[in-house]
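Before anything else, here is the set of structures, which you'll find just below.
Look at the two complexes coming up: chain A is in both, with chain B in one and chain C in the other.
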Partner chain A sequence: MGIYMTILEQGLIYGILALGVYITYKILDFPDLTVDGSFPLGAALTATMITNGVNPYLTLPASFLIGAAAGVCTGLIHVKCKVRDLLSGIIMMTALWTVNLRLAGTANVPIFSKDSIFDNDFINGVMPEALSGWKKLIVIAVITVAAKLLLDLYLKTKSGFLLRAAGDNEVLVTSLAKNQGNVKILGLSIANGLVALAGCVFCQEQRVFEISSGTGAIVIGLASVIIGTSLFKNLTVMKATTAVLIGSVIYKACVAAALKFFEPQDMKLITAVLFLIILVIGMERRKKVKKHA
Partner chain B sequence: MKKKVLAVILGAAMAMSLGACGSSGGSGNSASGQDSSGEKTYTIGISQFAEHGSLDNCREGFIEGLKEEGIEEGKNLTIEVKNAAADQGTAKQISDTFVSDKVDLICAIATPSAQAAYNSAIDTDIPVIYTAVTDPIAAELADENGAPVGNVTGTSDELPIKAQLEMIREMLPDAEKIGIMYTTSEVNSVSALETYKELAGDYGFTIVDKGVTQTADISLATDEILEEVDCLTNLTDNTVVNSLATILDKANVKKIPVFGSEIEQVKIGCLAAEGLDYVELGKQTGRMAAKVLKGEAEASEMNYEIITEPGYYVNTAVAENLGITVSEELLETAAESFDSISS
Partner chain C sequence: MLELKGIDKYYNPGTVNEMCLFDGFNLTVKDGEFVSVVGSNGSGKTSMLNILCGSIPVEHGSIVMDGQDITNMKEYRRNRRIGRVYQNPAMGTCPSMTILENMSLADNKGKFYGLGRGVNRNRKEHYRELLARLGLGLEDKLDVLVGSLSGGQRQAMALLMSTMTDVDFLILDEHTAALDPKTAEIIMELTDQIVREKNLTAVMVTHNLRYAVEYGNRLLMMHQGKIVLDLAGEEKKAVKVDDILRQFNEISIECGN
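Showing the complex of A and B:
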């Protein structure tokens, strides 16, 4: 039982990150490497706030905002300084390493003895005794589902439609007399806000901030998005955001399975192969669709 | 439609296989039982943070230490070794798996694994024994007095910095500036550097430090620091130690001695070290674990331990290359001396 719980917990936490990556990679068609820096950015801010005795629930909006700020920077570098998308992300990712280290003070900040969103007087009072083993999972699920629903709602607004158009059809945005650059900046800020929010929850679940926690975050995010959207492509009733969350849980399940059957040293290779297989399956479908059309 | 079915089947198959392995893990090597001879048997999960010479030595020492106390793999002990390949999330997944397999004890090697293991086992009665955690107090695994914060204890690989400074003074009577290279993101290095700076004055040294962020910076940083110092001394910094060959090459050209922090570094070309033997540290940890397993002590009541006696290691071949004579008295005190440089 314990292992399924871990898979769900970790899958849903990284699901929030995957929602962010979904915006940049799928909607904006922007390979955003800022993620490797904004994920620990949320964690660093969270650890600092918590060690200073701030109410743990305030870390959630604060992390979103600081992540969004990082996203705006990436956007400004790309749109205003006209730096290529990939490079803008790399620049921000590199810069954020120092920001994170400065923000947290050191590379490893444990918060074992402090209150967290999973362990404080309020939640311990509200949660019935019988559910105490599920406490973490319930809190994570509430945050993840809330993030997903808010994103769904946003994508239905006028601004959300413009965001989707910016990736598909830049000309349309311009013809509506909207600045396509600003739309991109907005998308990047929401995406990195979500990523930092995931970092915030991850930090409190692990009860420690560790500078290296962001390394490879983008790979996990991309894998989740690609697994989710490819597997459930034909299931039109399912929202892409839901598919992405499921993709993230499946990814974590694969990691757990790989841990059982293989050496962890081989895991990155297994990830890469899995990644490739799913990508290729996805592409074949697209070709077929074209032929039929 | 076919594709949809395929996806469903794939998903189901994945869940089933996981279920199967989960349950087999649960029943196959679950909590301590009795073997055919009626003797008690144990299951231990070892969670190692990364592939690394020192950490490997810790692990081997740990198994050795258990054996000395009569708990031997294959006889009355099942060991599951997992390596997180330096990923914090994976470390947590490993210890979560150990907890759901209901092992008798988790041995965690290096700080991130120790924190993950403590976090996973916090609501259970599974004891966690850690090793190679430089500062258990800063890692919140022990309180200010060294007492455990929960059912968790172990050994620290804190460097014997005083002994090291004393030894450098003895070997290089005229040296003034000691250079130290470290990775800015390694907590253990930063805290060791602080201690060096505090103590250096007592022995008439000043410390010149150079921080790097990644392996790629090592070459340049070495060139820079060698301009300023009379000798270098190493911490147990992963990035720096992994690039030791580069540093030694450059230092040898300038005839600047490099001191190590543990036996392996002296073997490959550091002049000397007043340092740790990680196998010994692992053994000490193994003996602690044996006490806990046998019920002689509770992990929650044992303070963490540091290695009792640092050993003096010296490489006479390196000394010869540098034109340094190692006094007979000093040689006699050496726990081990090497007369060749292994690469």
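Showing the complex of A and C:
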């Protein structure tokens, strides 16, 4: 029972990250490696805020905003300095390592005895005694589902339409008299905001900030997105965002299963092999509209 | 009014592949003119349109829109007043969005793309009417993804979308080239209607000499980066496909192919 609960919890937390990766990878067609830095960025800010006794619920919007700022930087590097997408992400990911260390103070910040979104007077008060074992999962599920619903809503706004168009057909965005560079920057900021939000929840769930918690985050995100979207691609009734969340849970389940048979130090190799398998199975060639054909 | 003044355009400048396409190129398109442009492959028609719209930079010269120098204006800003349809039907629409979503997207051109609802239900009937004019049955497929439409259907939508808001200029680059003869005819007819109704100033590149002769009130023939024939008014009305074809062949023989 405990193991399933953990898988669900972890899957849903990383699901928020996967929603962000869905925006960059699927909608914008931008492989964004900033994720490895913006995930712990949210965590670092959260640990600092919690240590300073700030209301834990404020860490959620704050993390989103700081992640969004990181996304804007990646976007500016890509759009204004004309650096290639992959490299822009690598530059920001590298820079964020230092930012995260500076923000948190050290590479490892425990927040065990502090209030968190899972454990404070408010939540302990409203949550019935019978559900106390489910408390963590419920809080995580509420945050994840809220993030998904807000994203769904956003993608149906005019701004969201433009974002979808930017990934599909850059020429059309220009034809609509809009700067497609700015649209990309906006997309990157929302995506990294979600990623940092995931880092925020993760940090409070683990009750510790770890500088290396972001390493490989992009792989988890990509794997979840690809599993979700390829598994459910024929189900038109299911929203892609829902599919991505389920993909994230499935991925966490696969990793947990793999760990039953292997040692923790084999983890990275397992991740790499899993990711390769997922990539090959989910292989799809994107046809992009070329400019000035 | 659109003007190109003393345009020099080089491709691959400073390399062994340097090629001078335009050397002091001039063109004035007056308000209300519907210019059809013909010319051999590589004569610079697409380049001329790209220069007008700001898709490619020029080495020298200026581009003027209604008296305002727009040489350094970004392409997306120029597009506020320009609608453009490309040869490739994929360029004018968004494949992963539905017909309704595409129409709504285009309907908002020139306005703010904020957090308002993407699709305005009140406009649905209007979109239906516009689509019905195409005679392709698209008005009953509002919720179909545009990516699943045929090239001709997408091109028809691209034409509608590029002229939905009040643009002043319409730029068309072989926009019927990828279509079957019947659909091409429908699209060409519709283009003409829209240009008249909205009183647009239009530049249309085409390889179809008949369209060039039948439509529009001015005809240009280009060759190796120069305008070799420019007919307007009565001259344009009187001209026949055979005349154009003869001119075309003469030029080709001159350069030995």
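The definition used in the following text is that the second predicted complex is superposed on the first by the 283 of 293 C-alpha atoms of A that agree within 3 Å, B and C clash if a C-alpha of one lies under 4 Å from a C-alpha of the other, contacts with A are read in each partner's own complex, and residues count from 1 in each chain.
To be clear about the criterion, a contact is a pair of C-beta atoms (placed from the backbone, for glycine too) under 8 Å apart; a residue touches a chain by one contact, two chains touch by 3 or more.
In this text, all values refer to a predicted model and were calculated from it rather than measured experimentally.
When both complexes are superposed on chain A, chain B and chain C fit side by side without a clash.
Looking at the shared chain after the overlay, A:122 reaches neither chain B nor chain C.
Of the two partner chains placed by superposition, only chain B is touched by A:261; chain C is not. In the superposition on chain A, A:232 makes contact with chain B only, while chain C stays out of contact range. Judged by the touch definition given at the top, the superposed model places A:107 against chain B, while chain C stays out of reach. Contacts of A:177 after superposition on the shared chain: chain C is touched, whereas chain B is not.
Of the two partner chains placed by the overlay, only chain C lies in contact with A:158; chain B stays clear of it. More residues of chain A lie in touch with B than with the remaining chain of the pair chain B and chain C. After superposing the two complexes on chain A, the closest approach between C-alpha atoms of chain B and chain C comes to 20 Å. No residue of chain A contacts both chain B in one complex and chain C in the other. Per the touch definition, chain A reaches chain C in the complex via residues 154, 156-162, 164-165, 168-169, 171-180, 289-293.
Taken together, the chain C residues at the contact with chain A in this complex read 46, 50, 55-56, 74-77, 79-80, 83-84, 86-88, 90-97, 101, 104-106, 108-110, 112-119, 162.
Residues 1-4, 6, 10, 97, 101, 106-108, 110-113, 202, 206-208, 210-213, 215-216, 231-235, 250, 253-257, 259-261, 263-265, 267-268, 285 of chain A are the ones touching chain B in the complex. Contact residues of chain B toward chain A in the complex are 1, 3-4, 7, 10-11, 14-15, 17-18, 21-22, 25, 51, 82-90, 92-94, 96-97, 99-100, 111-112, 115-116, 118-119, 138-141, 149, 184-187, 190, 213.
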